[in-house]
Structure formats: structure tokens, C-alpha cells
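See the structures that follow.
One chain, subunit A, links the two complexes that follow: it is found with subunit B in the first and with subunit C in the second.
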Partner chain A sequence: MPPMTLLQTIVMGLIQIVAVLIVVFIMVPLLTFAERKVIGYAQVRLGATRTASGRKGFTASMNRGMWAMGKVPVLSFFRGLPVFIADAVKLITKEDIIPAKADRAVFTLAPILSVVAAFGVFAAIAYYPGVMFYMPKNWPLIGGLPFNGAIADVNVGLLFILGLASVGVYGIVLGAWASNSKYPLLGGLRSAAQIVSYEVPLTLSLLPAVILAGTLNFKNMSVILATGQGMSPLAVIPLFIGFFVYLTCGFAETNRVPFDLPEAETELVAGFHTEYSGMKFGFFYLAEYANMIVVSCLATAFFFGGYYLLPFGLQRIIPASVPFLGQPSFLFFMAKVSLILFAFIWVRATLPRYRYDQLMEVGWKYLIPLTLVNLFIAAVIRYAF
Partner chain B sequence: MEHLLESLGRNMFAIFGLLALAGALFMVASKRAVHSVLGFLFAMLCVAGCYISLDAQFLGVAQILVYAGGIVVLFLFVVMLVELTKYKERDIFQNQSRLAIVAVLAGVGAFAAVFRRAFFGAASSDALVLRPELAKGLDVARQNAQAVSRGLFADYLLPFEILSVILLVALVGAVVLAKTERV
Partner chain C sequence: MFKSEELEINLGPQHPSTHGVLRVKLRLDGEVVVACTPVIGYLHRGVEKICENKTFFQGQVWTDRMDYVAAISNNLGWVEGVEKLFGIEAPRRARYIRTMLTEMNRIASHLLWLATHALDIGAMTVFLYAFRERELLLDLFEAFCGARLTTTAFRIGGLREDLPPGFIKQARAFQEVFPDRLEEYETLLSENRIWKKRTVGVARINAEDCIALGVTGPVLRAAGVPYDIRKAFPSAAYAEMDFEIPTRPEADTYARYLVRLAEMRQSHRIIQQCLDGLPEGPVMAKIPKILKSEVNEVYHAIEAPKGELGYYFVGEKGGLNPYRMHVRAPSFVNLQALPKMIEGRLLADVIAAIGTLDVVLGEIDR
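So, the complex of A and B:
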């Protein structure tokens, strides 16, 4: 096959970007629905069971009939799902208010920065090692070209992801400042302190994986950590500790419960997005869920075995000749991502919020020393075994 | 089309460089401190773009991670905390333009002296490497991180350590200044 021309490269890149965006835009509303459902069941409720469609209509009559028979409408488990369409329409059509004394340019820029940082990260994530499929031969310009498992195979992929993710904090801080209002400013300051603090253990918790894999390339790291090429069996220990520290910091980075201090509604109304409405708020919302997906993708790829069935180098047990189970698969990746996303919601339904001083204490006094010790263990295992 | 894209790709460095200059200009010219920080952020991101257009991906990404993700956030934090009105900001930050012009000219002179060779003379064909045997068999374009680490920890270990001592001195100095002010 001749090397791809620049135009072909760009067109294929755009196609892959659109494909990833479609998957993310499907996952985010499903995630909001899952959140309603899981929290509902955790609190012994049913969660969203209906889409209010007036008194007429098929759904409404079914529900009424079931309730009239004295039964919980089991069939309506998924009937709350269409709510996300209403949510999206509401966010897009709602009046877009900019407070009179706000800094208009920065107020508009903040949600854009948030979304760009959150979605830009998806460029370096590999969903499958190598080529997923080839474009049909008879298509013009791009016929027969490979559709890769990653948009860009960056050789410092992990750093790229961490760097772009660290730019995301600007959205929150600038939005808070530009609102020119007390509560958003307090929320923004808290959030900046929290995210900058937790970035340190987050990065440090990923370093054992980097040391053991010996590369910064996302795809190679994921494959090496799952199949355990040249890795000692003892490598499970630092990876296991790193996984929990990473997940904890991931919760803090995405401003989720129990670290959702920037938007603690009892103290700060809604934190940094108090003054936002309409699609500008929608962007913040989208960025939060996209960040959750990113954290889940990273945790999956580095600590959960990525595209392989078993994590921590245990994939060695299954020979590559076994069909499906021994082979890397996109399905394994998505299943694990979903599992960690479920954990996000599960934790939200279970744990109360930390106090601010507790948050800082956990970050600086416990997580950072723990990650440093973990890094030391990983280095010893890499060097000695 | 192909030709256009190719020339665009070749001139990426110049494009990012000019954008970085524009960001720096915005930083100097803007009236509000937060806007200045934004201009600075933009300039930093464009400098990262310059590095990446030169195949130094590790350096570019480290630039984003350290400057855009860490240092500028702290700037923003401080500027937001100080929270000056427009009038006061102009008084404090923008009343030394003559001094600033002199300083900038001096800086330009110093840099011109450094870059004189690069602009007007024949530049050396190889990069300055103190111990070339360490860099043997290294594909720099594909193994960015390894190349940088060899440079830092083998070729230029002493300058690197001296630089870190300077940073430590700055840190201690800042602590001393902050302490004396409070008494």
C-alpha cells in the first residue's frame, strides 16, 4: 500500500474524530440515565420510570394501567430513557443569560475551554491496539485505508493526556472569575486548589505503570501491562495500589462526590457554574461527564488490562491462540470502562462529601506519600526482578 | 490541495511562533490582569505547538503540563485573589513603561548577540552534545523522552543541578520575603 497523502491523513483523522465524538455523545446521555437509575436503586427507589408525556399516549396509559392494577410498572424500566432528549432540547433552547457585570469574553471562553480540554484528550486514547477495520475499497479518496484504534498514536500519549486534562481547570477558574459573583468565585478558588493539589498524586500514581511498561505510548503501555511482557509477577503489587490511588484522584479531578466541593450546594449554591444557564452550563455538564469517561478509559487501559480480558499481566495465563478470550477486543475495553463508570455512580450514592480541610489532608498527607512509596516499590521490582 | 497542505505543514513553526508573539503582545497590552494571564496562557500553548512542529513532542507536552497546567494556574489564582479594580491595576502594573522599554531593548540586544551566529553565520551541523557515545543508537524523533533524559542526566547534569539550586534559592527567597512582610 502506498503511504497516505496528507489529505487522506486529514480526512481519515476527521472520520475517526467524528466516530469517537458520536460514541461519547451517546455515552453521556446514557450515563445520566444510568446515574438516575443506579442512585434510585441504591436508595430503594425506582429512578426514572417515565417520560412525562401528558395523560395520553402509549407510555402513559401503560404506566397508569400497571399502577391501577397495584403493580410497579416493571416494563417501564427503560421508559425514563427518552428524558435525555428533553434534557438536550432544554439545554439548547434555554435563554442564554450573561450577567450584566460579567466579563463577557471570558464568560463565554470558560465553558469552551472546559469542553475542548475534556474532548481533546480522546485524541490520544487508544481503544484498540492496531487497525480496527479497513475502509471499503470502492470509496473515493479513502478506499482501503486503515481505521486505527486511536485517533493519534502519540509517542508521549500519557503526558499528552495529563497535559490537556490539566488545562481543563481554566474553564472552571475563569468561569468562576468572569461571573463576577461571590459564590462562583469561592467555588472556583476551591476548585483550583483542589485540582492542582490532586494532579500531583494523580500523575505520581500513574508513574509505576510507566516504569513497569518502560514507555509513554498509550497503546504500548496498555498492551505491556496486560500481557506482562518482561514484567515480574510481583508487579501486581504497585499496580494494585496505584489503581486505587488513581481512582481516588480521578474522583477529585472530575469534581465528583465525595470530592465535589467546588459545587457544594449547601455552601456555595452551585459553585463555579452558579451564573451559567443554557448551553454554556450544558458545556460544563458535558465536560464533567466526558472527563469521567476519560478517567475510566485511563484506569481501564493501565490498571484493568485494557483490551485484554485479564489485568496486571495475568493475560499470560490465556495463550493467544484461544479465540476471543486470548485476543484483544474493543468489547473488553468498553465493558471495563462501563464498570468503572458504574463505580463512579455507586460511590456517589454511597459516600458523603468530605470537608475542605479533610480533602487537603487526604491529598497531601496520605495520597502523595503513598504514591511515592508505591513508586519506590515499582522501581525496586523493575530493577531487581 | 496536497501542495497547500504540505506548505502549511512545513510552515507550522512560523505560524505557531507568530501566534505566540500575538499572545505575548495581548498579555502586555491588555488592561485587566486576568486578560493578561489569558494572553500568557495562549502564548505558552503556542510555544508548545512550536516544539511539537519541530518533532520535540516530549518537550511540547511537558511545556503544556508544567507551564499551562501548573504555573499559569497559580498566576491566575494569585491575580484572582488580589482582585484589583481597573484603576488600581493600571497604577501598579503599567506605570513603568519607560523602564520596561529599556529592559526589553537590553533583552533584545542580549538575544541578538546570542543568535548572531544562527542568523548570519553558518550554524554547526550537529547539535552540541558533550558525550556523543551516550546518544548512540537513539532515534530522537521516536524516543523523545529518552533523548531528553540523556541530555539532562548525562550530557548536562551539572548545569541541570545548578539550575535546580537557583530554583531552590528563589523558593527560599520568596518564603523570606513573605515572612518579613507579615511581621
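So, the complex of A and C:
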């Protein structure tokens, strides 16, 4: 195949970016819907059920029939789905208020920073190792070109992701400071301390994976860690520990329960985004959910077996000759990401919130020593076996 | 170059976890509370003054609107206070039904406390679980008197009507499910590490301070003092009931949580006894159509879900209204303990402390 021209590279890049963005922009609203539903069912209620068509129509009459029989209608489960459209319309059309005493430039910049950092990370994530499919031959310009599983196959992919993800905290801190109001200030201080503290164990928990895989390239890392090529079978131990530590830190990084102190609703009203409204608030909201997806993608790729069926490098049990189960698949990746996203929601329905000092204690006294020990184990395994 | 100063912050009156319109002025050093001043009065309606201009029959309606999550307890205090003033005695069946409904109301009030307290600390699922059971109780109140919240359940001299048909069955159904549901809350919270971290040792107030500040109810009992007016000065049918006063020595938020859960179990026991031993007979004593008071004064206290709820009546010669009426509201007195509980602690503990005190602003501001 001849090398691509500059134009072809740009066009293919744009196509991939748009494709990923579309998937993310579909996933975020679906995630909010899933959150409503899962929490609803965890709390013996139905969640959102009444946005779809009015009293007429097929689903409406079916639902009425089932209600009349004393049963909860199955179709009503999906009737809440259009809520996300309503949400988006609401956020976009709402008045965008900037407080009189706020620093206008920074106040506007903050949500942009948050959302750019959250979405930029998707560039380096590989959803499939290698080429997903080729463009149809008869298309002009891009005919026959490969559609890769990642937008950019960066050779220091992990560094890029960690670096960009840590920019997101500036959005929160700057937004809180620029609001010039007391509750956001407290929320901003909390999140600065929290996210900076938890970035340490977060990064440290990823290091065993880097040591075991011997590369920083996202695609190679996830393939090596899942198939366990060249790794000792003992590598399961550091990967297993690393998975849970990483997920815990991921909860803290995305400000989710039980670490949702920056926006602790019952303490700080809405934390750092108290003064935000309209689409500026919507950006913070988008960024939070996009970050959840990023954390889930990373946990899946590095610890949970990535594109292969079995997690923690156990894929070696299944020989590659087995059809489907032995092969990498985009479906496995998405299923695992969904599972971890479900865990995010499940935890939110179950656990109370930590207090600020306890959160710091968990981070510095337990997680960091644990990750260091884990790092040591991984190094020993890498060196000795 | 840098100067540090304390941050003054208003928690409320429109804050999600101040349970209404409580405003707490806080001075913060970072996250640590340096000083705390509760500011009240945003819901003041002058209930006591209004009651002085209403007849003894009319005044009861206003008591519903004080502690609106425990309206039946308020009704009981008013009705028994007036009965004491006029020397009326309600029939035994009426007293049993009053006891039963008051205990149901205690459970409903404690459920609301559990719901909001857990929500404040971040455990949002307990909120809906507790509301599910409270709904069963509100249905019972509705069956009994037609209202769910502002009940005006009793009448001076007894009850307006006997229990409606089906009430006993409905109440027994509730009795059946409730112990299991209590277990359910406990599985979610009692041994939850985060819940314990947030509550054990938080917002302590010892027995001496409680007594000095006049704090009563579960807060006092969680400090190890077994003071319960149902036992100390029994009214209604409490003297005939077999129940215990749960206490804990720790005096912290977790102890108060355990005490209130244990109290719900005891209330459940009392309701069972009322249902099993409900005597036959009339529910209304013979009382005159118009009550005219003498020069007389009466203080009558009952054990409301939040603590000692006292009614003080002064009668005048031939008066149709109380000459003077005062309510000793447990939430109002208990709120005094707030600064003592939280000064020197973290902001998040303020929320836990307000929740654990179980204040209702309708009662504080009256």
C-alpha cells in the first residue's frame, strides 16, 4: 500500500475524531440514563419513565394495559430515554449567568479547559489493536485506507493520557476561584487537594502495568498485559491489586461517590460549579462523565484484559486458535467498560461520602504505601521470573 | 506577604442540608469550624400567641404545624395538657389508640430522620428505603383521620371516632414487615466502614453538658442518661406498656443512630401490645360543649420523638382560651447543643451534627 498523502492523513484523522466524538457524545447521555435507571432500581423506584410520546401511540397503550394488569410495563423502562435530549435542550437554552463579581475570562475558560482535557484523552485510547476496518475501495480520496482502533497511536500514550487528565483539575480550581464566591472556593480547594493527592497513587498504580509490559504505548500495553506474552504467571498479583487501587483513585479523580467532596451536595451546595449555569455547567457535567469513561477505558485496557475475554493477563489459558473467545474484539472492550461504569453507578447508590481529612488519610496512608508495595512486587516479578 | 484570615460563611437558610430554614453562621479556618452561631426565626408564625386567641378545641390544629413530621405527638401533648387543666379523663380505649398512633408517629419521625441524616452524609439509598416504610405509616394516619401530615388526630376527652374498619389489619401488616425493613437499613449502614468513619466520635456531647443545656430525647439517651418521659411521668397508656429505654454511653453520632434504631424497635413493640390488648369501650368521655377555664396553670410534658415536648397552660376565670400558652419544643432546646458539638471540628461534621440533632424548624421557630 502506498504511504498516505498529507491530505489523506488529515481527512482520515478527522473521520476518526468525529467517529470517536460521536460515540462519546452518545455514551455520555446513555450513561446519565443508565445512572438514573440503575440508581432508581437500587432504590426501589423506577427512575425516569415519562418523557416519550404522549397518551397516544403503541407504547403508550401497551404501557396502560400493563399498568391495568398491575404490572410494571417493560416498555416504560425505555420511556425515560429521551430525557437526555430534554437535558441537552435545557442546558443549551438556559440563560448563561456570569456573576457580577466573577472573573469573566477565567470563568469562561474553566469549563472549556475541563471539557477539552476530558475529551482530548480519547485521542490516545486504542479501542481495538490494529485496524478495525478499511474504507470502501470505490470512495474517492480515502478509498481503501485503514480505519485504526485509535485516533493517534502515540508511543508514550500513557504519559499523554496522564498529562492531559491532570490538566482537568485546573478547570475545576480556576472555575471555583473565578466564581468569587465562598462555597465554590471551598469546593475548589477541596478538589485541588484531592485530585493532586490522588494523582500520586493513580500514577503509581499504573506503573506496575508499565513495568510488566515494558512499553508506554497504549495499544501494545493492553495487548501484552491481556495475553501475558513474556510475562510470568505471577503477574496476576500486581495486576489484580493495581486494578482495585486504580479504580479507587479513579473514583477520586472523577469526583464520584464516595469521594465526591468537591461537589458535596449536602455540604457545599454544588461545590465548584455552584455559580455555573447553562452550557457552562453542562461542560463540567460532560467532563465528569467523559472522565468516568476514560477511567473505565484505562482500567479495562491495562488491568481488565482489554480487548480479550479474560482479565489480569489470564488470557493465555485460552489459545489464540479458539474462534471469537481467543481473539481480540471491540465487543469485549465495550462490555468491560460498561461493567466498570456500572460499578461507578452501583457504588454511588450504596456508599456514603468520606470526610475531607479521612479522604486524605485514605490516599496518603493506605493507597500510596499499597501502590509502592505493588510496584515492588511487579519489579521483582519482572526481574526474577 | 500572604495574610490568612478566617472565612465567614452562611450555612442556610437556603441550604440543602439544614432541614428547612435553619441558618448557621460559621467562621471557618480552612475547613475547621472556629465559631458557630445558629440563627433562627425564619419560620416564626407566633403559634403560641395565636393559640391564646383560639379556644381550647381550635388550638390543637396549630400544634400540627409545629413539628410537622410528628404532628400526632404534638396533638397528644396538647390534648392531654388541656385534659389535665380541666380534670377530664379519656376512656381507656381512647388512651390505647392514642398510644398506638403516637408510637407510629415516632417511627415515622425517626424514619424521616434516618432518611435525611443518611442523605446528608451521602448514603442516598437509605433515604428512599426509609420513605417507603414511612409511606405505610402515612397511609395508616390517612385511614384514621383523613390527613397524612397535619393530622389533628385526637379530641379533648378522647377521639372523634373509633378506628375505621380494616385499620387493625393494615396496622398488623405494617407490624409484619417493619422488623425486616429495619434490618435492611442496618445492613446498609451499621457496619459500613465509611458510615462509621463519618459518625463514630463525631459531634460528641456528654451527659453533663446535655443536662446543663436542657437537651432531652435520643440525644440525651445516647449520652447514657435513661430519661424518658414515657417511663418517668407516664401518660396515655404508657404505664401499662412493657418496653425498654435504649441508651448508649458513647454520646456520639453513631450512638444516637443506634439509640434511634433501638427506639423504633421499642415503638414497634408498644404498637404490638396496643394492637393485642386493645380494650373495648367508648372512645370519648362526656365533656361539656364549651370549656371555660378557672385561674389555674398546668405543665404537661410528653416524650416526643425529638425529646421532651411540654405544654404550659395558664387559665383565667371563665376564659374560653388559654390566658397564656407556651411550648417547650425539644428541637429548640436541643439546637443549643450545636455549637458545643462542632466547634473545632470540620465543616462536614456540621452537617452530621445538624442531622443527628434531628431538628424541625417548624418547631424551633413556632
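Going forward, the second predicted complex is superposed on the first by the 363 of 385 C-alpha atoms of A that agree within 3 Å, B and C clash if a C-alpha of one lies under 4 Å from a C-alpha of the other, contacts with A are read in each partner's own complex, and residues count from 1 in each chain.
Heads up, the rule we're going with is that a contact is a pair of C-beta atoms (placed from the backbone, for glycine too) under 8 Å apart; a residue touches a chain by one contact, two chains touch by 3 or more.
Computed from a predicted structure; not experimentally measured.
Chemist: Considering only the touch criterion stated at the top, classify A:A192 as touching first (subunit B), second (subunit C), both, or neither.
Modeler: Touch status of A:A192: first partner only.
Chemist: Figure out whether A:D153 sits in contact with subunit B (first) or subunit C (second), or with both, or with neither.
Modeler: So A:D153 meets neither subunit B nor subunit C here.
Chemist: For A:Y354, decide between first (touching subunit B), second (touching subunit C), both and neither.
Modeler: In the superposition, A:Y354 touches subunit C alone.
Chemist: Touch test for A:D87: subunit B only (first), subunit C only (second), both, or neither?
Modeler: After superposition on chain A, A:D87 lies in contact with neither partner.
Chemist: Where does A:A42 make contact in the superposed view: on subunit B (first), on subunit C (second), on both, or on neither?
Modeler: So A:A42 only meets subunit C here.
Chemist: Under the contact definition given at the top, report the residues of subunit A touching subunit B in one complex and subunit C in the other.
Modeler: On subunit A, the overlap between the subunit B and subunit C contacts is residues 185, 189.
Chemist: Contact residues on subunit A for subunit B in the complex?
Modeler: 5-7, 10, 103, 106, 109, 154-156, 159-160, 162-164, 166-167, 169-170, 173-174, 177, 185, 188-189, 192-193, 196, 199, 216
Chemist: Under the stated contact criterion, what part of subunit A meets subunit C in this complex?
Modeler: Per the stated touch rule, the residues are 39, 42-45, 182-183, 185-186, 189-190, 257-258, 260-261, 264-267, 269, 348-358.
Chemist: Quick one: which bits of subunit C touch subunit A in the complex? Just the residue numbers, please.
Modeler: Residues 7, 9, 15-17, 28, 30-31, 118-125, 127-129, 132, 188-189, 192, 194-195, 197-198, 346-351.
Chemist: List the residues on subunit B that touch subunit A in their complex, please.
Modeler: Those residues of subunit B that touch subunit A are 1-2, 5-6, 9, 32, 34-35, 38, 41, 45, 57-58, 61-62, 64-65, 68-70, 73-74, 76-77, 80-81, 142-145.
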